[in-house]
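Structures given as structure tokens follow.
Both complexes shown next keep chain A, but they swap its partner, so chain B is in the first and chain C is in the second.
Coming up: the complex of A and B.
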């Protein structure tokens, strides 16, 4: 059979030929690295409460510390290696969000501080903000009406 | 980098830049700026060309046609690509911690240049087969090998039909940057027409990286892939007669980042030249 007869047959043939990502390995790495990041967050949280901060302030400190660590690791070319290894494990927690803002800021600095860093900082994280905020507004309205 | 490559080939050939009639160059960056910015000080009449990763072979085809038509005595064909600038333009920022699919390829950082002359002792460009644009509706920008393989196949078949040659007439056949996935597909496609391209066929994207140690997934890609492999690996083998007749097929994916976002498919192109030493 000639696989390039139609685009459909070729697509099926290509899917067969292309190697799949190692899903089990990726899931396992994502699971333990993601868990580790969350545990670090929890340790910071407990420590802050132990030092006498209330729950809201302690949560804020956790976010600030994790974002700070991610930004520094992104800047010194380490976070992308962790991300390549752990995938969603680093991308789903707040670390992924910080990385997705810091990395374009570094990349586009050559285009100036206003149109480069300022405008392109959100090229990756922009959609998360738009749809995340829209969803929270929507759910807020539903909650307000029902409760 | 491209200026280094062109100055390097000028030094090796003992030709002055004023003796070069035309310069054919191109690259992957928007409006081919690496070539025009890198080569602006050379003051050689310049044709900027774009054939994506097939640019080097496209330049060699055009250059040899210029020589054959007595329009020039010496021409330079040059190209370059860079991993970081290609990632920035086509994919994500470098520091973004993401995972690449197994079919994705790694852009070669390098530059290559060749001088073609009307007279000399060879190696000679004996045939050129310009490619047709082939599009089989592959939309995955992380699977360029699959998008370009049908174009490489079409050009290969046209070349054999045109010249009456068969794969066994060549000591080696090289494709530009099909990678592991595309190489496998091309071998399969050739079989459907009864051509066996196995032992004497290699892909420059497969040759240039160590897949395991360098973790480059489906191999190398980019304009510099075939340009560097030809200039530094194949050409010396021709000069010491280890290879006498080779077919070079430059393969390119004619897309940009906007066309991918707009869910357009990826058209492929492949140009071939046969290079021989007597």
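Coming up: the complex of A and C.
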């Protein structure tokens, strides 16, 4: 085998040997699955408004319904399969937040209901709530100062 | 069906595209950086809260509806929006109440459904 002489030929050699980066495919899957989840949310939202709910209540209903669907799909082990396929497409929407609570709740059941289910539920959701709620309190305080 | 005729399909398309694009940002962060998914979720919520606090995120919500509210950035923006509205009415007390109050439905649903799911579902056995 010939020694590799220049960085350019080395790069060509690496490109030839390494598998194609699946990043484009990952982004495409994340795009359409994420878009679809948001569209399902939009249809629920418009249905709530059609039934006469105001905007705030309608978006709360959307969150609750999407979280409920995620809990069921996680429970029957379908959500993880969709998640493997879609990557960020399922974990960036509110479904990801729900899955991050439901999935460890089921997995750590064997460690008991208090320190297993109750505590491990928040391994991922805890940080999200800590930073989200802290940011909201700070923003509220700044609003108080500005008025 | 009257309801199907009442749907704004142009808005639905914008919702699909914007929601998808936000997920692509998440996917790029996941593939191109070494951030774990938990960190990415924290970044999304905080970014949403800041954009919501500055009033920028509301434009995206007006444009794309659930395409902007369903991703976690929308959760952050919702927290910020609630905190601002309550602060205007109740002052410092509102800063503490407002955010969680608007997000209460989602948080309570996730905790409750998570607990119910743990009662019913069996943990899957990991293949060694």
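Simple rule for what comes next: the second predicted complex is superposed on the first by the 125 of 147 C-alpha atoms of A that agree within 3 Å, B and C clash if a C-alpha of one lies under 4 Å from a C-alpha of the other, contacts with A are read in each partner's own complex, and residues count from 1 in each chain.
Basically, a residue touches a chain if its C-beta (ideal position, glycine included) is under 8 Å from a C-beta of that chain, and two chains touch if they have at least 3 such contacts.
Bear in mind the structure is a predicted one, so any value in this text is a computation, not a measurement.
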Which superposed partner A:79 touches (first chain B, second chain C, both, neither): first
First (chain B), second (chain C), both or neither touched by A:26: both
Chain B versus chain C as contact partner of A:62, first or second or both or neither: second
Which partner, chain B or chain C, touches more chain A residues: C
Which of chain B and chain C A:121 touches, first, second, both or neither: second
Touched partner set for A:87, first chain B, second chain C, both or neither: both
Touched partner set for A:53, first chain B, second chain C, both or neither: neither
Which of chain B and chain C A:11 touches, first, second, both or neither: first
Partner chain in contact with A:100 - chain B first, chain C second, else both or neither: both
Intersection of chain A interface sets (partners chain B, chain C): 26, 74-75, 77, 87, 91, 96, 100, 102, 106-108, 123-124
Touch list for chain A against partner chain C, complex: 23, 26-27, 30-39, 41-43, 45-47, 50, 56, 59-64, 66-68, 70-72, 74-77, 87-89, 91-94, 96-98, 100-102, 105-110, 113, 117, 121, 123-125, 127-129, 131-133, 135-137, 139-144, 147
Chain C residues within the chain A interface of the complex: 3, 6-8, 11-12, 15-32, 37-38, 40-42, 44-46, 49-50, 52-53, 64-67, 69-72, 74-76, 78-80, 82-84, 86-88, 91-92, 94-96, 98-100, 102-103, 105-107, 109-111, 113-118, 120-124
Partner chain B, residues of chain A touching it in the complex: 1-4, 7, 10-11, 13-14, 17-21, 26, 74-75, 77, 79-84, 86-87, 90-91, 96, 99-100, 102-104, 106-108, 123-124
In the complex with chain A, residue positions of chain B that touch it: 88, 92-103, 136-138, 143, 146, 150, 153, 181, 184-185, 188-189, 192, 218
